[in-house]
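You will see two complexes here that share subunit A, one where it goes with subunit B and one where it goes with subunit C.
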Partner chain A sequence: MSAVKKARVAFFDFTCCEGCQIELTNLGQDVFLGLLEHIEIVEFREAMSEQTKERIDIAFVEGSFSREADRARLEEIRARSNLVIAYGACAATGGINALKNHTTDYKKFVYSKDANMPHLDSHNALPVSAAIKVDFAVNGCPMDRNEFVYIVSHLLHGKTPVIPNHPVCVECKKRETVCRYHLGDHCMGVIARAGCNAPCPADGIPCEACRGFIDQPNEAALVKVLVEKAGFSNDRAKNKSRMFTANLRSDVK
Partner chain B sequence: MSNDMHIRVHHVTRVEGHGNIEVNVKSGKVEKVQWSVPEAPRFFEAMVRDRHYTEVARITSRICGICAIGHTLASVKATEDALGMEITPQTRKLRSLLKHAENYDSHVLHVLFLVAPDLVGAPSVFPLVNSHPEIVKKALRLKRFGHEWGAAIGGRTTHPNRVVPGGFSELPQLRPIRDLREKLIKEVVPDLKDILDLVLSLAEKFPSFNRPTEFMAVSSAEEYGLYDGAVQTILPDGTKEQYRTADYKKYTNEYVVPASTAKYTKNKMGSYMAGALARFNNNFEMLRPEARAVAGQLGLKPLCFNTFLNSAAQVVEIVHSAHEGLRLMEELIAGGFRDEAPVKPTRHGAGTSAVEVPRGILFHCYSYDKNYMCKGGDCIIPTNQNHANIQLDLEKLVPELLAAGKNEQEITLACEMLVRAYDPCISCSTHYLDVKFKRIKRIPDTF
Partner chain C sequence: MSYFFLKESDLKDFVRKLISSAPVIAPVARKNKFVFADLESPDELRLDYDITILPPKKAFFPPNQTLLSFKENKATSAIRPREQILFGVHTYDVKAIDMLDLLFAENNADNNYLANRKATTIVAMTPQAVSGRAFWESVGKTVQPNGHDALMTKIREGYVFEPRTPQGTRLTKSGIFSQASSGQLDEASKCQSEIAAKCPEKLSHSTREISDKMRASFNNEKIWHTASLDCFSCGTCNIVCPTCYCFDVQDQWNLDQVSGARYRTWDACLTEDFAKISLGPAGAENFREERAERFRHRMMRKATYLNSRLGGPACVGCGRCSEGCVPDIADPVKIINNVMES
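Let's look at the complex of A and B:
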């Protein structure tokens, strides 16, 4: 076994909260040390000072692409790596950062007279794939640790991980969670991509599609259900899916 | 011998977020010492606009992946203040227990995974997997426990899903709390003792340093202030002063310095410090006896002005939160839970909160319209409040190291260790400002 070369893995972060990196430390000693038997972590600024000059097998990139200044760093990561994985919602879809994308006054609102300072250079929060080619994505905010291990394990074996393309509703039914709409609440599970085992409705809050939409989501139906079943105003219903999926909406610019 | 030095640490490692240190020495004289923050801005205060009050905490939780519990709690507290929602004693107790989970969890991560490598002379925790396997296993076990603790109460530690304005969307189960209690007594307390022995054996590796400054923390007559209390500061002469949370702008005084990249804060002095050491200095008497004993072993006593010992204060707080957590768990196990739905808004307007997160005092403020839709927010993050103190510390530290004859490599490491001691959480820093300053050579944007 020891003759098998460990995969060289690196973690990089852009516009994000770094919570998906923190989730790695929550794997526990067995899973984490088990992973280290198969991978060698060669670069991970949040946790280590070492850097590598050699080629990276798998690069996990966390965070959105939200300023032009980051493009060169992303391109360099791409050039150094065999596989690039968008790691977590911000990297995969733009995530919560994209909630500002439909507005134009956000800089002025937060920084008022200082809004034009050069360091506040910021464009729409975009997925990493807007700057470089991305091979796979680990969805979710935060990403799901079990799915992460599943994806890494498949990649190490040269297999393609299968990411569910059915709605979160399926997972609520499987675990017998009472529907949020039955409880007088609202939910986006109807068009949200499953794979997390629906922890939010089980914990009494609506799904907000942090893993993105299923393919070909029926957005009009979501708005209709939010108005008719949850009693939302038209505006609030239309705005709901900006939470984590602003970049996946059909009206995205 | 060259008397010139040009230190550029681009993206300090083992900290959350991105920060740079630049030091220029010409002919043995310090020309420039600069702490700067090139983190990409995220505009959270604009993002919460026109979101329903039930959504706001789930947005601002995403400011930080490490102190997500603290941001969530600060957010729901400010919303409750704005909307006139009076939480129940049970909710308060559960939130306090959750706060201790975060405090424990984050400090374990910082001390054992990010600071410890400096003390044993390793670049990261990964080489220690082979050289100190038992310690790494214990560290991972202790960290995992923090996560299980937070998850048992909040549903998740990274972006907890059960904490909502008015209470809990789903109450924790008693069984996992009983399991936590068992584990805390049987595994965590003994593991902590071993880790403490290790820290004690390395205690002399913490550099000595002394710069009197002001310390700000949440303070309460009932407990070591974390979840709730008044805002208090302590000055180098021991004078304490308390402030109203709603007046936070008056004593944080965010201001811009031409030579800096970050918005600074100050109150009575040139800067103030937030974090474990600030809490320790303000609230030492309210620590549990077990934690005070550990402080004694570490030689830590208030008022302490050695910033490097913020990590030691974190160790003291790990012990405090573990024992205080145990006490709260036992109260819950003895008393059981009442089935309580989250309370509803009774008015609308603006509200403010202050909560201690692992890195220091955190302020959230929101205003809501009559439909309970958010009209704007303001978040003042501990790391932002520490930027000025970091800068002033570096300005004192570098000349002292030069005078002591330290070389470039030693000065670089000491500067990095100082920044790391603050446990900065730069992704959080939503308010920094980058003012152009004269750079001798531009720091490259790529590595």
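Let's look at the complex of A and C:
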């Protein structure tokens, strides 16, 4: 086990802010350099100018799939990678980009007279898995860097990382964070996938479910508690889960 | 054992001396709730608390606990108990700790629990306030609080202090205690029954009646389906429960990729993956796949499955699950009374 071969790792970005790549550089020198003892980063646009066309052990793909023109590049990455990891919320679920999926008039409002520029010709923002096979996901907006290290460690040992399939409530309770609902607020933690250690409610803001839903979210009960416990209007309650989880809703088209 | 009395004005000095002798874990305020935490100063102490978010079991069975560290093929135990005083534990929580003491000691003794527990001196407290969902007065009435080292009860002038073990007696050396008078003992006993009567919720049947009827309701799909319609499978009712003791064990490598740690973390049988087991290459099997099955399972565990081992129900009536459940469907009183009336 001591002679773990350095894995060749690359980062690629599609429709996203590249914040998850930046977040990796926030690991700090000790952790980042520690990781470099075990991985060789061969492409990482936010931190180096080299690129590669060689085979890759682990490809981290950031960003959602939102233009047909991106499909060929995704397929090319898949073809030369042993593992493809959806990296961050946009890649894993479509993320916040999918907020636009149920609207048709945003281009006019956002871009005005430039609304018909060709590069704006996008389809629904979808997870990377809508275009290519994805092996694992690093969830979150931004992705959680501790979880990233955990996942990479498991992959280096050929093990399957364990990603929680329970709501954020579990982590709030373990930290004894006072529930947002007990403070007259709302929260999406009841249907959101844990694994981040619930930093947002601990800092006094509701969970927005940036890590996506658990596998079997009780959407009807969510609408009910948003209305009955948090005082939302029915419309607002029904639309609330479009922010990060539009593609995971049962009414997704 | 004799009974002691501590004046209200001498409480802070007593607690200050305890803090200087060992870490003291006691109720403190957090926003509009209370939690058990290491006391920095007696000024933080809130003995007037009604309920804490997590039960005090966390003092020796923490939500995340390292079991061992490893390097290559060598494992090192992480059992390193610290001598500590758990102060101000309400009597219903004492009952729950007593249950865990039994469950962790039987069969394969769990030394990661037992070592920490043994190093903990528990000062119990008659509640001075009841939470909005408490029903501890009417649950498991035949089971008495046991396993604590001393019991404190607030009366008008101060506290009646009843040591139950040599460690409990030793604590009185840290304060200005006098012998309690018979009048003070009477007052303490009156306070105990008065506060019990204030529990806002109540079970209307005996432990045995409830246990039998709950078991008989197992196949009543309508009851469990209806009761769990709004359940998020969030596990809050488990995580805040003083008698829940299930945990999940995982390994984590350090950055060097040759050393790491094995840790356990509280698990929750309401969550979807709790009963999911690996079948190896054949995939996985979940033997409580439906929300209603998981919802039913918790109630069976609390009201009937463990009764013969514990001598009563595995519920102490603290009301934490009722209060913590966002859709408010986890209240054992409502669930049990509904089954009893079915």
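For the reader, a short list of remarks on this structure follows.
The definition used in the following text is that the second predicted complex is superposed on the first by the 247 of 253 C-alpha atoms of A that agree within 3 Å, B and C clash if a C-alpha of one lies under 4 Å from a C-alpha of the other, contacts with A are read in each partner's own complex, and residues count from 1 in each chain.
Keep in mind that, in the parts below, a residue touches a chain if its C-beta (ideal position, glycine included) is under 8 Å from a C-beta of that chain, and two chains touch if they have at least 3 such contacts.
Please read these numbers as outputs of a predicted model, since none were measured by experiment.
Counting the residues of subunit A touched by each of subunit B and subunit C gives the higher count for B.
Of the two partner chains, subunit C is the only one that A:Q216 touches; subunit B does not reach it. Touch criterion met: A:H182 reaches subunit C, while subunit B stays clear of it.
By the touch criterion defined above, A:V149 lies against subunit C but remains apart from subunit B after alignment on the C-alpha atoms of chain A. Of the two partner chains, subunit B is the only one touched by A:Q29; subunit C is not.
Using the contact criterion defined above for the overlaid structures, shared-chain residue A:D57 touches neither subunit B nor subunit C, since it reaches no partner. With both structures placed on the common chain, the touch criterion links A:I41 to subunit B but leaves subunit C unconnected. Once the two complexes are laid over each other on the shared chain, residue contacts for A:P167 go to subunit C alone; subunit B is not touched. With both structures placed on the common chain, the touch criterion links A:V190 to subunit C but leaves subunit B unconnected. Considering their complex, residues 30-33, 35, 52-54, 63-64, 72, 229-236, 239-240, 250, 252-253, 255-258, 265-266, 268, 271-273, 291, 324, 326-327 of subunit C touch subunit A.
In the complex of the two chains, the subunit A residues touching subunit B come out as 14-23, 25-29, 32-33, 36, 41, 44-51, 63, 66-67, 69-70, 72-73, 76, 95-97, 99-100, 103, 105-107, 109-111, 114, 117-120, 122, 125, 141-142, 199-200, 202-205, 208, 236, 239, 243. The residues of subunit B lying in touch with subunit A in their complex are 11, 13-17, 38, 40-47, 49-52, 55, 58-59, 62-66, 68, 109, 113-114, 117, 123-126, 129, 136-137, 140-141, 143-144, 147, 155-159, 161-162, 164, 168-170, 256, 261, 373, 376, 427-428, 430-431, 433-436, 445-447. On subunit A, the positions that touch subunit C within their shared complex are 1-2, 4, 31, 34-35, 37-38, 149-150, 153-154, 156-157, 162, 165-167, 169-170, 173-174, 176, 178-179, 181-183, 189-191, 214-218, 220-222, 224-225, 229.
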